[in-house]
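Next come two complexes built around chain A: one with chain B, the other with chain C.
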Partner chain A sequence: MKQVLGDRKTIAVLLAPALVTYSVVMLAPMLWSLGYTLFAGNPVRGFTWSGLDNLTKLFTDPKARQAIAFTIKYALTVTTGQVLVGYLLALLFVFFLKRASGVIRTLTFFPVVLPTVAVSLLFEKLFEIAPTSGPVNSLITALGGQQVNWFGAGSTAFAVIAIMDIWRSMGFYAVLLYAGLVDISEDVIESARLDGAGGWRLARHIVLPMSWPVLISALIFSINGTLKVFDSIYALTAGGPGNQTTR
Partner chain B sequence: MIRSKSTGGRRRATLAAALCASIALALTACGDKDPGSSGSTSPGGQGTQDTPGGDFAYLGLTENTTVASVLTTLATSTCATDLAAYPLKESDYAQDQFDQQLQLLAGQDALPNLSSAPNAPALGVELYEGGYLVDFATALSEVGAADALLPAAASVVESLYDGHLIGLPNEFNIEGIWYNEKLLADNGIEPPATWDEFTAANATLSAAGVQPWSVAGKGGDGWNITRLVGNYIFRSVGPDGLNAVADGSAKLTDPEYVAAADAISAWGQAGYFGPAPTSIDYATAMNTFLTGQAAFYYMGSWALGNFNNPEENQIGADNIGFIPFPDVAGGNGSSDQVPANAGMPLMMSSSAWGDASKAWLKCIGDNFGAVALKDHGVISGFKVNEQVADLPELTQLVQGVMADAPSSVLWFEAKFSAEATTTSQTNAGLLAEGSMSGADFMAAVQADLG
Partner chain C sequence: MYKTAFAYGNYGYGSSIALLLSVFCLAVTVVIFRGTRKDLTT
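The block that comes next holds the complex of A and B.
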């Protein structure tokens, strides 16, 4: 095998079909499209050179700026929420529920396997105000409050989006972080307890540092997902009201 | 044999260059074409494909099955003999990607014989000016169907496409305000004829616990709200009010235009459009009106199918009345200028103009109106060349309004760019909710108009 893979020709023959296909199907169109950013026009009237005009427009367009700002706000809020709630759930599993956590783990993980659009429709109905009041507004009314038009303002629509996406993914991060927490040796915890550490001090000086690597992995997973999200927001608000939740 | 390193290197470089060149050539073949490269023998067009026999290709919208159904009826029944040599070959494409598909096909000179027009009228004009489309002003005469179109419908198409008759009006819709007769009678309200009377009627209904209007403002469904803004401008500024915006001689941020959006926003603040227009989509708004939960509903005559369907319409077709958009005091427009549109017209490719297109155009011109009305209850912009019996009362009412209307107007976004149209329709819900001022709304749309 070493002899075969040591031969450059063999490597070329083995790689060439996939490389050529990938180049023709993926790389060339990508570069071609990138080239179009320097032109103005369309296939009907043809293209004319426009230099950096399109890029200048992109970076000075208030709508593009607004969408980028929303994306960053969404990514930071939801990533923080997903990992924090997931971590708290994982701590709950390990230190309080212990062996009885199986059912709760399954229940909190359940939303992860639900289709995104189904979850969006569920939350749309939960927070609905018209044509009928959803459960959330009904509860507010029952408690003597004023109904809220959740999808009528950017701030409240963002709150619903954040709640939905944190709820949808917290089970995944809980299970991921649980795997890291159960890896912490009982002996270490026990000896810390014998040394007088408990509650917050135990969490701050033992649990948190020892689960730090898996926590960082969870953050990377989460920020990667939240920066790219499209479907759940599109299905829930379609970027509205106006373009206030457009990303 | 020992090959020198430099020879091998040159060969590899040559091979790589050849590969790059072949990829570039293949890609270049997909690029744009020179619109002026072929001769011009078709009406308004650039080329000719006068082949005897052959398929007649139609590219429609996935969302609209009526046209394909009518064409199939023409091919298999009404014009079966004349069209036997030109079998119909149908395909469809989603409406939200349709414009891009048309551009791509035009760029490859591969537009089908017949297709739906693009969503953006500006692209239709561009295609025509590039020599891609048949001009029906001459083509209909050429095939002996010069009188096929209703003059009002032809005029709507021409005003949409800068005076060029490049679309066949497979639908002809008027728009206006439908009302629940019982709800108005129960509250002692006569159908309002002016904006002030409308405001008073809204107040009366609202005080009686009746939601005055049913509108949709969710996502991009807000067009029915911007229609109210546009119509107010047609009544106050005049029927050319939005043409002035299109040609740059006026701006939406001018006070008389802002007043129109403010009028709608004021109704929104008063709650006349219900508690949350941004949560209501098209189907829900229709359902709200047809289940008697709102008194007024702005809609086009394409909704007749829903109104005439007893399963959907629980208030009864005989309980629905129609009034034109009201006059605005001191305005330059008049309520007899009916908002009208031709749906998504059909256009024909000039490069595919030949015997197949001619035979089909003749058949469409002579029969489309009657088949669409008889089989689908759709009022088109074609003359109905045979008696169609047992038309529902509301359909006859609409036909009467069309026949009596001295002139028509388009709609708010008819001459806007796609970007401005999206901004307008997605912000309309906020306007109807009263949470966006008329000035802010108009400024947002004007920003996209440049």
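The block that comes next holds the complex of A and C.
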């Protein structure tokens, strides 16, 4: 193996297929897209040179500003929710359910494998007000409250989107963080317990610092995923009402 | 971004939004990595 990896030509031959594929599939379209920022138009109408107009417009267009603000708000809210709920679930699996966590882990992971559009349709039905009341509005009515038009205002539509995306991906982060938590040695936990640490102190001073690297990885996955989100919001609200959930 | 590029046919402006989003993702990742480098290496 040392002989093979010591030869530069062999390394180049082994890496070439992956590098060529990556360049053709990822780098070339990215650079192509970067070039488009300097032009106005599309392939049908044709392109005309516009210089930095598109970039300057981006910072002065109120619609773009609103979309950026919504994206940041969405990313912060959903990332916090996903990682926090995922971490709490992982703690539940490791310290409370232990070996009995298999079924619960499978159930919480299930939404991750569902198609986004199916989840969006499910939440649309759950929160709908017309033509028939969805289960959420029926529950509110049964408890004596007034029905809410969830998709009629930006704030409530945002709440539904956030709940949906946290529910959909909490299983993924729970499993990811679970892998980090099971790596913590039983001996360390046991010694901390013998030293009198328990409950919150054990979590704060032993479990949290030792699971920090995987928590950071989860945070990076989540923030990048939420900043790039498109499909779930488009399928649920199509950017509405108006432009209030456009990103 | 999708609507700008594919519904309104303005590829240039859509690409600008995509570029801003990519820069934002990169910046956030760099900030998180820089801020936690010590924790990840110790």
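Convention: the second predicted complex is superposed on the first by the 195 of 247 C-alpha atoms of A that agree within 3 Å, B and C clash if a C-alpha of one lies under 4 Å from a C-alpha of the other, contacts with A are read in each partner's own complex, and residues count from 1 in each chain.
Throughout what follows, contacts are C-beta pairs under 8 Å (C-beta built on N, C-alpha and C of every residue); 3 or more make two chains touch, one makes a residue touch a chain.
It should be emphasised that the depicted structure is a prediction, and the values quoted were computed from it without experimental measurement.
Asks: Return the chain, chain B or chain C, that is in touch with more residues of chain A.
Replies: C
Asks: For A:24, select first, second, both or neither according to whether it touches chain B, chain C, the two together, or no partner.
Replies: The first partner, chain B, only.
Asks: Taking the superposition on A as described, I'd like to know which of chain B and chain C A:9 touches: first, second, both or neither.
Replies: Touch status of A:9: no partner.
Asks: With both complexes overlaid on chain A, does A:239 touch chain B (first), chain C (second), both or neither?
Replies: both
Asks: With the two structures laid over each other on chain A, which partner does A:45 touch: chain B (first), chain C (second), both, or neither?
Replies: both
Asks: Does chain B (first) or chain C (second) touch A:98, or do both, or does neither?
Replies: A:98: touches no partner chain.
Asks: Classify the contacts of A:149 with the two partner chains as first (chain B alone), second (chain C alone), both, or neither.
Replies: first
Asks: On the A-aligned overlay, A:37 touches which partner chain: chain B = first, chain C = second, or both, or neither?
Replies: second
Asks: Which chain A residues contact chain B in one complex and chain C in the other?
Replies: In chain A, positions 41-45, 47, 239 sit in both the chain B and chain C interfaces.
Asks: Within the complex, which stretch of chain C touches chain A?
Replies: Interface residues on chain C, with respect to chain A: 1-3, 5, 9-22, 24-25, 28-29, 32-33, 36, 39-40.
Asks: Spell out the part of chain B that touches chain A in their complex, as residue ranges.
Replies: Against chain A, chain B makes touches at 19, 23, 26-27, 31-32, 34-35, 103-104, 106-108, 123, 126-127, 130, 132, 218-220, 274-276, 278-280, 284, 287-288, 293, 423, 426-427, 429-430, 433, 435-436, 444, 447.
Asks: Mind pulling up the chain A residues that touch chain B in the complex?
Replies: Touch list, chain A to chain B: 20, 23-24, 28-29, 32, 41-47, 62, 128-131, 147, 149, 151-153, 237-243.
Asks: Can you name the residues of chain A that touch chain C in the complex?
Replies: Its residues touching chain C are 30, 33-34, 36-45, 47, 50, 54-55, 57-58, 64, 67-68, 71, 209, 212-213, 216, 219-220, 223-224, 227-228, 230, 234, 239, 246-247.
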